[in-house]
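By written order: A, B, C, D, E and F. Residues from 1 in each chain.
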Amino acid sequence: MPTPSFAARYLGRTVLAIGAHPDDIELGIGGTVALLAAAGIRVVTAIVSVPAEYELRSAEAKESAAILGSEPRILLEGGCRRIEDLKNYQLVGLLDALVREAKPAAVLTHGPTDFHHDHVTVYHATVAAQRVMQFDLFSYVPTMTRPVPVPFEPNAYVDISSTMDKKLEAIAAHKSQFYSRGLAFEFYRDLARVNGRMVGVDYAEALAVDKIVFA
Amino acid sequence: MPTPSFAARYLGRTVLAIGAHPDDIELGIGGTVALLAAAGIRVVTAIVSVPAEYELRSAEAKESAAILGSEPRILLEGGCRRIEDLKNYQLVGLLDALVREAKPAAVLTHGPTDFHHDHVTVYHATVAAQRVMQFDLFSYVPTMTRPVPVPFEPNAYVDISSTMDKKLEAIAAHKSQFYSRGLAFEFYRDLARVNGRMVGVDYAEALAVDKIVFA
Amino acid sequence: MPTPSFAARYLGRTVLAIGAHPDDIELGIGGTVALLAAAGIRVVTAIVSVPAEYELRSAEAKESAAILGSEPRILLEGGCRRIEDLKNYQLVGLLDALVREAKPAAVLTHGPTDFHHDHVTVYHATVAAQRVMQFDLFSYVPTMTRPVPVPFEPNAYVDISSTMDKKLEAIAAHKSQFYSRGLAFEFYRDLARVNGRMVGVDYAEALAVDKIVFA
Amino acid sequence: MPTPSFAARYLGRTVLAIGAHPDDIELGIGGTVALLAAAGIRVVTAIVSVPAEYELRSAEAKESAAILGSEPRILLEGGCRRIEDLKNYQLVGLLDALVREAKPAAVLTHGPTDFHHDHVTVYHATVAAQRVMQFDLFSYVPTMTRPVPVPFEPNAYVDISSTMDKKLEAIAAHKSQFYSRGLAFEFYRDLARVNGRMVGVDYAEALAVDKIVFA
Amino acid sequence: MPTPSFAARYLGRTVLAIGAHPDDIELGIGGTVALLAAAGIRVVTAIVSVPAEYELRSAEAKESAAILGSEPRILLEGGCRRIEDLKNYQLVGLLDALVREAKPAAVLTHGPTDFHHDHVTVYHATVAAQRVMQFDLFSYVPTMTRPVPVPFEPNAYVDISSTMDKKLEAIAAHKSQFYSRGLAFEFYRDLARVNGRMVGVDYAEALAVDKIVFA
Amino acid sequence: MPTPSFAARYLGRTVLAIGAHPDDIELGIGGTVALLAAAGIRVVTAIVSVPAEYELRSAEAKESAAILGSEPRILLEGGCRRIEDLKNYQLVGLLDALVREAKPAAVLTHGPTDFHHDHVTVYHATVAAQRVMQFDLFSYVPTMTRPVPVPFEPNAYVDISSTMDKKLEAIAAHKSQFYSRGLAFEFYRDLARVNGRMVGVDYAEALAVDKIVFA
């Protein structure tokens, strides 16, 4: 008998994926987003800000969302913005509003050990947004285009064997990052293989459970 | 739309609850066991050893299992035994065999921060039993008949509002502990109320996720 | 022979309670403040800022302090202010000045694991204020009007059985929070009961010791 | 006004110091024991076992206790014994009995990060002995005759400026360890100086608070 | 200019690798051992015990050591033995003696978060052996033939690109484990690739620094 | 045979020491800097900002660098500046540029547990600067002119017996801090003695390894 699926848990509901910037969601949980979307679940992929090249990167994010099957959103839309230009209470306010509107059954966001200041800020603001309503909360692996070893202790795994390629395709849609700047993202296939072996599947994305509630 | 249930995740499969001694499972996850059993899921409640008054305590454990609706098991059956009389590899061997037979989709056991030496030993042996096959692994709150504050950081909650009373009834079935020795177990109702408020329900049992795998 | 009291330790000296906003002190350590004040100890309850409805919330804080028997203080007085509008060194400066003036034997403040950004900021600034002089430093439980589970590992407990009701009365004095917004604060009675049972009393507030010095 | 003293807290009551072997208590908290005893507090210094040279080392321990002013006790008395020859439940039983008899207001013992297996075992057994009754519980610094760096995070400090010399004298009473084997114990003076500077006194012993209860 | 090599640090000295059982050293640090040996450094690969099939597994260990270029040692030699049959002080005694004889400049052993009870025991005994003399101490990744996810936070990396194949060859020499039992060890190549990418090389083994001393 | 030296590892390369303000580097790693410089290694000692008395403190820093033999640098040069006046991405940008220019084989900076907000900010920005290139990364002890106990768990030690006096001389060069304000810095000699005893030398500076890579 197969392992119960992530999709089964959220069928008929909304899952909210949050990334500080374009490509974070794809690097961290692109396979999971594609898996949920393929099962007919509404997945909102919300990018907090686009720090540079707004038009180009927004277009890439839109293309990537089309590949994954998610509903893209840019919270600080309309032009280049930096998360640090917001006060924390403003960022919490933005996420509160998003949660009120999307009513997510689960939220997937950055984790507290990430080395990027904006990522950690977004994590803490998402934790605070739990005041608005109850939702399952998961953190994903530190995301980076150039490797910096930081600790991450996953305890949840999603089998993305069927969407591994789609994840890489969605990452590749961010051409301005991975082609112009010559960055390799094969790392994410290697990481998914190691995580997959840990739980007996070909490829897996690893998550850390912040809170999960069972009725 | 209600939160997806713990039972929904394990329907048609077996859940294995492990406690070092009689009454541990009831104190830690009695409500969850009752909830799963009520949904028709096979729950094996395995006690590793009975350290004293074998006949009496085995009978109490059997009565408690009848209340919860679980399938009781005593691993070191036939007489009083102490977990410390086993080598660790022997305990791991016992749990390996149990896992091979029960093929659990999830295992719920003691956690690593418990203050009772046997509880911690059982936790580590259960972690090792993951070599045999993949299963979801959860730790439950340190269980005690007399309070000793030790840290426990839950990140999963099961709504036991509908089985709160059954949990207390199952604990009370261990008459030799809670009546002869005059111990109070109302603490566990108070704790469930606090955990419940944390996630917006009347009563909840708190767990720590060691590993959960989603297909 | 009874357990030595918190008041006995600080008799004839000043204890300083710090909260980021109105009602934080009451939720976290209202019972302890009342207990100390009842023993004739000078307790300064310092609120860093009032983020909204300055007149109303200041009045409520004053009323609450009258109930607890403390000497209320608003650090950023005169109007609505946000802690984030201060630089960290400015906040440390404010607390340095307060410590220089009040010469506290003990300071009780927020803890580092709180989910509210301002609370964590106040905690770190208080740690830094130890440069000014030696004082015992304790952190209190994450305070919230709507529950968000975050870890907190207490190791000190104050028996507030005699001031439990006064604590709730002081919380209730913040009518704009708990009546207009329909928030429940019975959670804090439940939490005190669980903490009390841990140490054999009816109700207790839990603290984490940051530093305690014995002559 | 001076900092409230450790002795003031325990006046008229019993403090129990536990060490796995002879000289552990002196290395870890000899200054504190001397300070409490000098204030007229009954201090029981309990050694769990003497692993070698029973007569010699018992005599040294007795001499050391005379210097500190404590009431010495050897739990596994009558000959050389090893803690590992006890099952954990037997060790817990020994400590339970000691606690029942001494009725300590505070217990000071080894900490969980010590590198010596017996020390850690004694720590965990002492934690479990809290089932018997409520007492303040403190851990002391890893003790060693030859240095092995292991983490220890103190949060309580006792000013031992007045008993620093007595502490070294008590350590020196263990002649078979520190003279025959040529071991230096000046390290403990250096460590006390560093800890003292941290809290503004000449010499201090550092402790970690496991539990402290205030009435 | 290339990164300074691990071998450069230990040239003309002895490095001691410790594994609880045959194949642990190969899985954890086979590439590092081969790298050091290739540079002319004496590497002692010490296996604590062979729990089953003594003749067969000893022969395999010898063959593997020949591949890596190390000097093999079985501490509990002469027949099948279990680490749990030793008391901790006996194991520490064994390692003390080994350290006295080999006089290692560095020791590489299991880490404290490993899920195998014997591995953790060996780790703690090695920490204690630092009493004998000063040496650099490193822990290696949890080793397993069937995956069990446990946390491990490396902070040191050894570039094993030149010995990756030799590592796998040495693992494969343990035919009774990896061929008869059909176990896959390709996981270790995948893991080395992920660790390598983290530090900009093809393949790396990850270590956690327990202690490193620089003159 | 002597322990391999820190200098041996970085011969012919550049080591970068980063401190938030003047005197941080001296307090934390003055002995190590002097040791490396004495071995002919280029050491860049980079101060991020001078918060007050720019001319005076810059001159002191220059004098101190002359004593240590390092190449001083002030990142926010030309006048008094506060680190908090930079956005995090600006600070990361500054450090990125420094790393690109200095091409350090190792970077030594503040650690994450420091109580000074600026120190922690500098630590995190340095971690992020690893995106630019690979370098060994070490954190040093929390630095303070007035003691505040905060946890720090070192695992690397540098023998500074030969440069202990030079370290104190360099600290003393910051006359405006340690003479005008009457601050004692003998604490740092005491601390080095305790750390030295831990690893069998007269004086040592303690570091925490964030990342070290061996070829």
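In the analysis below, contacts are C-beta pairs under 8 Å (C-beta built on N, C-alpha and C of every residue); 3 or more make two chains touch, one makes a residue touch a chain.
In this text the structure is predicted, and so the values were computed from the model without any measurement.
**Student:** Show which chains lie in contact with chain E and also with chain F.
**Tutor:** A, D
**Student:** Could you grab the centroid distance between chain A and chain B? Build each centroid from C-alpha atoms only and quote it in angstrom.
**Tutor:** Centre-to-centre distance between chain A and chain B: 34 Å.
**Student:** With centres defined as the mean C-alpha position, give me the chain D-chain E separation in Å.
**Tutor:** Centre-to-centre distance between chain D and chain E: 37 Å.
**Student:** Can you list every residue of chain F that touches 2 or more other chains, as numbers and ranges?
**Tutor:** 149, 155, 157, 199-200, 211
**Student:** Line, ring, star, complete or other: which describes how these chains touch one another?
**Tutor:** Chain contacts: none of line, ring, star or complete; other.
**Student:** What pairs of chains are touching here?
**Tutor:** Here the touching pairs of chains are A-B, A-C, A-E, A-F, B-C, B-D, B-E, C-D, C-F, D-E, D-F, E-F.
**Student:** Once bound in the complex, which stretches of chain F touch chain D?
**Tutor:** Residues of chain F touching chain D: 147, 149, 151, 153-155, 157, 187, 190-191, 193-194, 197-200.
**Student:** Quick one: in the complex, what on chain F touches chain A?
**Tutor:** 87-89, 92, 124, 127-128, 130-132, 211
**Student:** Touching chain F in the complex: which residues of chain A?
**Tutor:** 82, 84-85, 115-118, 144-146, 148-150
**Student:** Quick one: in the complex, what on chain C touches chain D?
**Tutor:** These residues of chain C touch chain D: 1-6, 8-10, 12-13, 105, 134, 155-159, 199-200, 204, 209-215.
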